Structures are given as structure tokens and as C-alpha cells.
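The structures come next, written out as C-alpha cells.
Same chain, two partners: chain A is paired with chain B first, then with chain C.
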Partner chain A sequence: MLIEEIKKYVINTDLSSTQKKSLNYFLENGFPTTKDEDWKYTSLKKVLKRKYCLKSSDFELNDEMIQQYSLGFKHKLIFKNGKIFSEPKISGVSIKQTSDLCMPKNSTLCYLNEAICKNTYEIKFDKNLNLDNPIEILHFINNNNDYFLQLRTKITCGSGSNVKLVERFCNIGKNTLINSCMHADVKRNSFFEISKLQSYNDNTHTIDNTLIDQDRDSTANVHTFSFDGSFIRNNLNFYQNNENCTSNMNGITIIDKSNFVDHHTFVDHKFQNCLSNESYKGVYFDNTKGVFNGKIMVRPDAQKINAFQSNNNLLFSDSASIKTKPQLEIYADDVKCSHGCTIGQIDKKSLFYMRSRGFSEKTAKGLLTFAFLIEVIEKLNTKEIVDYAKTEIAKKLSIEKDLL
Partner chain B sequence: MLEIINLKAQIEDKTILNGVNLKVNKGEVHAIMGPNGSGKSTLSSVIAGNEDYEVSSGSITYEGDDLLEMAPEERSHRGVFLSFQYPVEIPGLSVSNFIKTAINEKRKAFGQENISAKELLQLFKEKCELLNIDKEYLSRSLNEGFSGGEKKRNEIFQMAMMEPKLSILDETDSGLDIDALKIVANGVNSLKSSSNSIILITHYQRLLNYIVPDFVHILKDGKIVMSGDKSLAHKLEKEGYSFLN
Partner chain C sequence: MKIEPKISEDILLDEVTSKEYKYGFTTNIESEKIEKGLNEDVIKFISKKKNEPDWMLDFRLEAFKVWKEMEEPDWANINYPKPDYQDIVYYCAPKQKKKLNSLDDLDPEMKRTFDRLGISIDEQKRLANVAVDIVMDSVSVATSFKEKLAELGIIFCPISEAIQKYPELVKKYIGTVIPVRDNFFSALNSAVFSDGSFCYIPKGTECPMELSTYFRINEAGTGQFERTLVIAEEGSYVSYLEGCTAPMRDENQLHAAVVELVAQDSAEIKYSTVQNWYPGDKNGKGGVFNFVTKRGICHDNAKISWTQVETGSAVTWKYPSCVLKGKNSIGEFFSVAVTNNFQQADTGTKMVHLGENSKSTIIAKGICAGKSNGSYRGLVKIAKGAKNSRNFSQCDSLLMGDKCGSHTFPYIEVDNKSSKVEHEATTSKIGEDQLFYCNQRGIGTEEAVALIVNGYCKEVLNKLPMEFAVEAKKLLEISLEGSVG
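Let's look at the complex of A and B:
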């Protein structure tokens, strides 16, 4: 059904040769299904069932709405249904729209995105630019009908630059399926960090594809907070294209109701003396389902690699579930790789200990859960992000934020 | 303050307490001694409200109310404190935040305001001095990486901070070297008053040299088989539990 809609949509659209190729590739292969290894536990069937339109309609966006979703950063880059609404003026930063831009891909959804996304943006950070404050990217989404939205951003961090971004999607409209592709080109000796705040409403289904190319001596950090939204699939790929790269991934997932979150991460260690560090923690209430798949590839020449991965999960209900899978492929012999995943419940002994000290069951469970998450929170270095995380965590655990 | 009448309790299908009777008045110190497996720790767990144990008959009255009807946190709010034989480790939760929250949960239960930062700091300072504790320790994760002795001292520190009416010290002396034992005993003695009571659960008479009990009870096969004054503990130390036979 959606495929028909896509075919109809492209008839009236001028596509470049790259876009045509991508479109054909997508039409030949279609949306991923559970027959694909990478989508084994993640079915798009229900998500794709709706009758989405691909055309956007306009809506009014005012300061009050922006303030409601903003964490209060000085620099704001605001999008309305994928189109720039307002941009910060920062010396050394250029933001421009392009129509045709080839980016790396990790699923057929990236091909589709390349073929039909109308608003592709390139954000360039000059060489040696030291961004004083993070840039807060807010995507406001609102459409008259159920909506299939493509977002497409290319980020270039010039060598020696220091860049922090915060990204948040705010759907204030009908059912929306977001297919977002972001490619970051992190040049030599630069630092790139993005925090993804996934606090969507129940009408939002998201597929987030983030691909990061790293050059020599660079560091890239991605923090992913998944708190709300009925369907979230994150594809996060790091490519270490030279020596001495560091890739850090941190994730906090706390979901309830019947929501679904899937984290698929991939680190490609291609060169020697590199590091990757991955820590994902998940808390699952009610009828939620989670998936974690962490793939680490160490290629034959990638000696002296340190790769750490952990995925720890707490299940709060008998009907919640998590499928977790570390996937290590190591073809070099002088490397250090470790991985671990756990699935458990709140420790009964700890709970009794705290209750016998006067903690209500709710407070005890909340603080034990927060203690479980703190290792990831301690890795965050932006005050506003820590504050956001604590606010959302307290809300999910129904405890006062002051206790955290 | 506390009256236990014909208390029977079991875990799964195994009966552990088989008719315990005990009366503790305000200001008294009671020691409960007994061989391994006699039910000492079960008794303390039942008083604190551990739901792993099922009370099959009998009653516990605390300040005139049915203690068994109360949730563990309610017992704590009412002034019951159990110093655990095996305190749990909670990585990621600091000692200071743990104790602060414990104090505030109690205050909340009585509709009182949270403790002020100044008041809390003063209390921490005072009690750290009492138990010879370095203040740095307050920012450590609760019991994580603590030695056996440090864990026990931490329990007594919590007791000092929470000022309970009825304290049950479950084998607080085990794992303590002689210096630490003196510090802990000294702390407990200074918390003793005419309005609160203490139940000491111990294997050995050693602790009783430092915290002198008003009554000594011997628990065997889930029953108190003998009661007396502190001389009973000395007799036990000399002759062992075999004299009971």
C-alpha cells in the first residue's frame, strides 16, 4: 500500500540519476522484513499498515511550542516537517539545502530516503571550529493526514573541530512514520557528539539511521535516550577509517505500555590503535518489547583494538521482553574485545533492605533502577542533557526528581 | 514496647519458629543467643517484616499495635530498625543519599517537611564522629566494596542517624575486629536511653562484655528455652550449648 503511494508520488517528481538508481534499488528490495537477519525480531508490518501520505502540509509554529520542547540551548536549528524554519547564525557553521546528495546506507530505507527526500541539508563545521554551545536540532512535525516523513542530514566536522548536537523530534500531529538518515563525516582530530532525545508521542514511529565516518585521531559520541514512541528502530553505524579513532555509544531505554525499541549498532574497526565503548541499559515495563544487537567487526589489519560492549536490562513485568545479541567478528589477533549482556529483575533482597529503612516500595524500586542506570548517566557531560535524562527517568519511575 | 506471643513462622514448608514468647520493655537490652539454625535470624526477619517468612500463628504487638499488619516501611517509620547480618550492596546509590532519603521517607509518612541540608550535615558530622567514620565514606556507594566490618559499622551508622525506638542487631559483632567492636559497642551504648530498646542477636558472649544486657534468652529449635540475666551468657560461654541438654 505504501509502496503504491511512493510510486504515485515519484511520477510527479524530478529525480536525479542517483535518486532514480536508489529508487529502483528500493523498489526491487522493498521494506525490510523479518526474513532479513537484521530485522528478525522487528516487524514493520503493523507500522506500514497505515495509509500514509508523503506530501507535507503547512502549520503554524510559535515560540511557545518551541519552548515547550527545547532544553534551552542558545543555538537552535528548527525544522518544520523536514524544512528549515529557523537557523542559528554561528561563524564557521554553514547550513544549506541540497537536492541530490549520495550518502552511505545501511538498509533499503536509506535508499528510499535518498530517492524521495526533498529536503536534504548539509551542515558544515569549519576546520578548528570550537563550538561554544551545543546546537539543538528540533524537528517539529504536524500534518493533516497520517504522514511518512523523510529527514536527511549530512554533517561535516572539519579537522580539529569540536561539535556537539542535540536532536529531538516533536510530533504534534497525526500518526507519523519518520525515516531519518544522518551521515556525519568526522574529519581528522575532530570531536563530534550527538544526543538523540527520543521522547515521542504515541503516534510516532521512527526509523533512525545514523552513519558516522571517522578519520584519524577523531572521537565520536552518540547518546541515545529512548523513552517514548510506539515504535523506534535505531541503526547506528561507526566506520573507523583511520588509526586512533574513538567511538562511544551510550543508551538509556525506559519504555512502557506496548512500545517497542530496537537498537542495532555496528562498529567497523578497520585500522589499528582504535577504541570503541558501548553501554546500553534498558528498563522495560508493561507489554514492551526491546531488541539489542551490537555488532563489532575487527578487520585483519586492525590490531591493538579495544572494544567494549555491554547491554544490561531490567524487566518489570512478566509480559515485557528483550532480545539481546552481541555479535563480534574478530579477524585480528592482538585485540581486546569484551562484551556482556544481562537480563534481570529488581533484586528482592535489596528491595527488602530499603523498605526496612523506611523506603516505600515505589521509591525503593525507583532508586534501585536509577542506580542501575547511573553508570551511563555519569558518562554524560552536558548539564541540560543530564537534567533531561533525570526528568524523564523520574517520570517513568513515578518518583520525585529531587531524589535522583 | 514489644510483645511476642507464641510466634510460629515458616519458610516454604519448613517451620523455624515454634512458639516464641518475648516481652521487651522500654529502656531494656535483651540478648538472644543460640546455636546455629535455632531461628535467631528468622526472628529478626519476621520482626522487620521480611515477606519470605510466613507467620502461621501467634502475634507481635508493638506499642500496642499489631506489628504483623504493618508493611516493612511502616515498621521502620514507627521506629523499628534491623541491623542486617548481611547488608546488601547497592552500587550507584551513595551512603548519604540513601540515609537522607530514608530520613525523609519517614518524615513524609508523618506529614513533616524534608530535613534541611544544614540539619542533615550537622547530624552526619555528629554521628561520623561517634562511630569514628571518615566523612569521605558518605559519598561512596552503599556497602559496595566495603569490608565485613565496614558494612556492620555502616548499619550502626544508619541506626544512629535514624534514632529508632526498637533496634535489632543481628550478629553485628561477627566480622568485627576487637577495635571495631569497641567502636560499634561504644556507639550503641551512647544511643541507648530509657525510651528505646535493643535486641542483640549473637552467637558469642564477647559483644555482651561491651553492651551489657538486662536479659539473656536462649533460643533453641525455634523456642526460647531459658532466660536469665547476664550471668547466663557467661555460663553459656564456659559450658557451650550442650548444657541445655
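Let's look at the complex of A and C:
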């Protein structure tokens, strides 16, 4: 049904030759199904069932709304239904719209994005730019009908630059399916960090594709916080294209109701002396479903690689489920690679210890759960984000934030 | 001089890679075989040859029908030329000159074969207290200790004999653990299996000896399709050993076995395998394709333990699994998989927890050398009803040489809140500091590697029955000669 809508939509649009190619590729292969290994546990069927429109409608956005959803960073880049509404003026940062931009892809959804996304933005950070404050990217979405939104951003971090981004969404409209593609080109000796704050409302479904190319001596960090949203699929790919790269991934997932979160990560170690670190923690309530798939690839001759991955989960309900697949593919011998994965509950003895000292069950459980997550929180170095994470976690665990 | 251990390690690895397969030879025994190819007539021929009842023939024909509609799976992390299933001889049996009453009547040539393999039947009979049911090219030719077992009511015989003598037992259990349509290779096996072993342990009986079968591919161009069925009735115990060696061949041979285990309430089955089919030469030419389906079902309080030492085969595709159906049932999987030269192994296990308080343990150790690829692929599934279930998995890989690959594909699915699952995996090579430590204390590099590899595998080797541990050690030596002490 959505495919028909897409076909109808493209008739009235001018497509470049690359876009046409991508469109044909998408139409040939369609949306991923559970028969694809990467989508084995993630069915798009329910999400795609709705009648989405592809055209955006306009709405009014005022400062009050922005204030409400902002975490209070100095620099704000605000999008309205995928179009830039306001941008920060920072020297050394250029933001421009392009129409035709080829980016790497990891699923047919990226092809679709390339073919039909109208607002592609390129954000460039100059050489040796040291951004003192993170840039907060705020997306406001509001449409009259159920909406299939394409977002497309290319980020270039010039060599020696230091860039931090924070991304947040706010959907005030109808059911929205977001298909977002972000490609970061992290040049030599630069530092790039993005925090994805995924507190969507119940009628937002998200497919987030983040691909990061890293050059020599660079560091890339991605922090993902999945707290709300009925359907979240994160595809996070790191390509280490030269020596001495570091990639860090951290994730906290706490979901309830019948929400669904799927994290797919992939680190491609192609050169020597690189490092990757991955830590994903999940807490699942009610009828939630969690999926984790972490793949680490060490190519032939990529020696002296250290790759660590851990995925820990707490299940708090019999109706919740978790499917996890930590995967290693290693073709070099002088490497240290490990992965660990656990699924369990709060330790009864610890709980008893706290209960016997006068904590209510809720508080005791909440504190122990927070302790379980703290390893990831301690890796965060931005005050606003730590604050955000603690607020959301306290809300989810129904304990007072001051306790954390 | 610090670089020295590295050099000697290289020399050592060279030695390993240049090692030819010791057990590669062919016995010249007259064989009776049919034309190549697979069709209904061939299945009818096999069935008739074995004088099988109609229900067995129907079972085979049904399987063939299913198989024809199936496609060969290609999801495993292995590359191999797909065998031409019409270019295989599906039945081949050594001509029996006369019925054998005792092992002494055995064909001298065949006996020599076993002797060269280091299996002295007499010796085992006397010393090791092992009953050996030797399968040579699909037909069992010697069975020992039968009478002693019969006293206890234990049935241990070729499955073809069981079909004749105990049809109701075979009919009741065959295809129940691994249904005909389970997968491509199990369907093929169900259609054409030539022979195999059948073992039945009655209620409350503890089998006094290790039951053991040696399989051996012999005739050129024949695939071997073994079928094993082990049934342990309530409260019984059995330890079953399976070991394989195959002669050297240039063309690829296909081995698609099916092993079904049924552990009734409170029964325990210990199934150990040492697999050393011909792995191909050092250029990756030849070697056996080993596509095996093994699965056991555990009822209440029952336990199934798989132990395997995989050193052979050009391609291995094998996942001994446990369905933990009953309450408090236990599944275990201990594996050492060694790959060298161009060998490829995609092996692991499935633990399906259905019953409450079910427990499973997975210890998988991979050793990859040369240009080989080893993969661990496992599934731990905890169903909603499997409350308080517990799983612990550990899969480690040891890489020797910079051209080999090691991969891990663990699938973990948990559907309730009271279960605990732990999984950990590491990949590394033998540390230079470890070697240095040994060298420093006067242990040569070769011995040091042996020590480290031995220690690395110990956890699994310790699980093998005593008699088998020797064999396992021997096979590890062949695969990584010089590396294992």
C-alpha cells in the first residue's frame, strides 16, 4: 500500500539519475521483511499497514514550543517536518541544502530515502574547529494526515575538529513513520559525538540509519537513549577506514507499554590498531519487545584490534521478550575481541538487603536498576544529557529523580 | 631474541599445515552397490534390500517427496561446491560371505583396517569393557557384548535389525525428535538412510558399559547416511560414543547423518563424538562434507549431554541440540572444533527451553589454523512457559595463523522474566607473554603451545569418557600435530 503511495508520489517529482536508480533498486527489493537476516525479529508489517502520505503540510512553530522541548543548549538547529526552520550562526559551521547527494546505504530503506527525500542537508565543520557547546538538533513534526517522513543529513567533520551533536524529536501530529539517514564523515584526528534522545510519543515509528566513516586517528561516539516510541529501529554502522580509529557506542533502553526497540550495530574494522567499545543496557516492562544485534567484523590483516561488546538486559515482565545476537566475524589473529550478553533480573539478595534497611520495594528496585545502568551514564560527559537521562529513567522507574 | 618464539611458532604451524592425513587409506573389500542417482526406485531398492516393512518404505518415500521440494540451505558460513545429489551412490554394502557369530570370523582385511585405525576390538572388549557395533560402509558387520546387554534388557543393534525385530519401538520414536521435514539433509537421510545404530535402555536400567560405534566411509563415491536412535526409558542411564575416521579421497564425500535421542523422565543420555573424517589435503582438495542433524528431547528431570571433538571434514555443518521439554530438564553441550588448512566448520547447538526450571550449559572451544574458518552458531531459546530457566554459554576461539577466521553467531531469545541467560565469547591468539612465560621456565615453544592448547580444551576433553579421551587426544594431535602434547 505504501509502495503504491510512493509510486504515485514520484510521478509528480523530478528525480535525478542517481535517485531514479535508487528508486528502482528499492522498488525491486521492497521493504525489508522478516526473511532478511537483519530483520529476522523485526517486522515492519504493522508499521507499514497505515495509510501514510508523503507530502508535508505546514504548521506553526513558536518559541514556546521550542523552549519546551529543548534541553537548553546554546546552539539550536531546528527542523520543521524535515525542513530547516532556524539554524545557529557559528563560524566554521556551514549548513546548506542540497538536492542530490549520494550516501552509503545499509538497507533498502536508505535507497528509498535517497530517492524521495526532498530536503537533504549538508553540515560541514571546518578544519580544527573546536565547538565549545554541542549543537542541539530539534525535529518538530506535525502533519494533517499520517505521515511518512524522510530525513537526510550528511555531516562532515574536518580534520582536527571537535564536534558534538544532540538529536531530539517532537511529533505533535498524527501517526508518523520517520525514515532517517545520517552519514558522518569523520576526518583525520577529529572527534565526533552524537547523542540520540529517543523519547517519541506513541504514534511515532522510527527507522534511524546512522553511518559513520572514520579516517585515521579519529574518534566517533554514539549514545542512544531509547525511552519512548511505539517502534524504534536503529541501524548504526561504523566503518574504520584507516588506522588508530576509536568507535564507542553506548545505549540505554527502558521501555514499557507495548513498545518495540531494535538496535542493530555494525563495526567494520578494516585497518590495524583500532578500538571499538560497545555497551548496551536494556530494561523491559509490560509487553515490550527488545532486539539487539551487534556485529563486529575484523577484516584480514587488520591486526591489533581490540573490540569489546556487551549487552545486558533486565526483563521485568513475563510478556516482555528480548532477542539478542552478539556476533563476531574475525579474520585476523592478533586481536582481542570479546562479547558478553546477559538476560536476567534484579538480584533477590540485593533487593532484600535494601528492603531490610527500609527502602520501599519500588525504590529499592529503582535504585538497583539505576545501578545497573550507571556504567553507561558514567560515560556521558555532557551535563544536560546526564540530566535528561536521569529524568527519564526516574520517570520510567517511578522513583524520585533526586535519589539518582 | 624476543622474536624467537614467534619464529618457532611459525615453523610449528608450517609443520602442522604440511602434515598429511595419517588415516587415509582404502580397504579393498568387495562391495555391492547400485547405480548412482536418487529416485523412488532406488529407495524401494534400499528398502527391499533391507527387507523392511511397508511403513518404513512409506516413511522413506514420504521423506523423499518432502526432500524433492526442499532447497539446500545456504545460510551457514561455509562455502563449498554443492554436491550433485544424482551423482552419489545411495547404497553400498560389504558382501557378507557368511553370518558372523563372533568377532574372530571378521574379514581379515577389514580387521586390519580397524587395527590400523588403532581400534583393537578384542582389546576393547577385554580391557575397556566397551561394546562395539562397527559400521563399515553403512552395514553393521560386527556386534559385540550383545548378550551381556540383552540380560539387562538393553537393545543395542543396527537400526535395520531393530526395524525387523522391534518394529513397534522404532515406529514409535523414529522421526519424532527430528521430523522428516526438519531440514534438507534430515529429509535426505530419512529417505535413503542405509543403516545406523539403535539403542534402547529399559526403565530404571543403568547401562553398565559405554556403547560405542565406529563409522567409516569406505567405497569411493558413496555417501554415508547413518541413522541413530537412542531411547532411554524412565530413570535409565546410557553413555554412547561415536567416532569416525575416513580414508583419503580426492572427490568430496557426503555424510548426512541423523541422530535422535529420547530421554524419558529422569533418564540421562551422554552422547560423545569424535569426528575425524578426511579433511582434504593442504590445498583444500577433497575432504568429507559433514552435514549432520542431531537432536535430543528431554522429558521431566531428564538430562542430555553432547560432547564433541570435531577435527575432520572439509565442511562441517552440525548443531547437536536439546529440546528441554520437561520440568527440571538439563541440556549440555561441550565442543572442541579444530579447523586447519582449508577446513570450514559451522557448528554449535540449539537449546530450546520449554519446561520450567530447565537448565543448559554450552561450552564451545574453537581452534582455527591455516586458512580455515570456524564458526560457532547457537540458539538459546527460552519460551514463555519455561519459568526460572537458566543458561550459561561460553564460546572461545583460539586463532593460530593470520589467514584463518573465527566467527560467532549466537542467537538468544528470552520470553519470560524469571529466566537467566549469560553468554560470553572471546577471540584471541596464544599470547606472546604466555609463550614467553613458559620459555622462561625451560619449556620449549612447541611444548608450550601444547600446554596452552591442552589447557584451553581441557574443560571439554574432561567431559569425554576415559576410553574416548585417548582417541580424542590422538585426533587433536593429527589436526594440530606438534601443537598438542
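To be clear about the criterion, the second predicted complex is superposed on the first by the 404 of 404 C-alpha atoms of A that agree within 3 Å, B and C clash if a C-alpha of one lies under 4 Å from a C-alpha of the other, contacts with A are read in each partner's own complex, and residues count from 1 in each chain.
As a convention for this text, a residue touches a chain if its C-beta (ideal position, glycine included) is under 8 Å from a C-beta of that chain, and two chains touch if they have at least 3 such contacts.
Predicted model, so just to flag it, every value in this text is computed and none were measured.
Of the two partners, chain B and chain C, it is C that touches more residues of chain A. When the shared chain is aligned, chain C comes close enough to touch A:317, but chain B does not.
In the superposition on chain A, contact is made by A:361 with chain B only, not with chain C. Judged by the touch definition given at the top, the superposed model places A:403 against chain B, while chain C stays out of reach.
In the superposition on chain A, contact is made by A:374 with chain B only, not with chain C.
Of the two partner chains, chain C is the only one that A:330 touches; chain B does not reach it.
Of the two partner chains placed around the shared chain by superposition, chain B is the only one that A:352 touches, whereas chain C remains out of contact. Considering their complex, residues 75, 384, 397, 399-429 of chain C touch chain A. Looking at the complex, you find that chain A touches chain B at residues 347, 349-350, 352-361, 363, 367-368, 370-375, 403. Of all residues in chain B, only 48-51, 71-73, 75-77, 81-82, 84, 87-88, 90-93, 97-98, 101-103, 105-106, 109, 141, 158, 162 touch chain A in the complex they form. Every residue of chain A that touches chain C in the complex is listed here, in rising order: 37, 41, 300-301, 303, 313, 315-318, 320-345.
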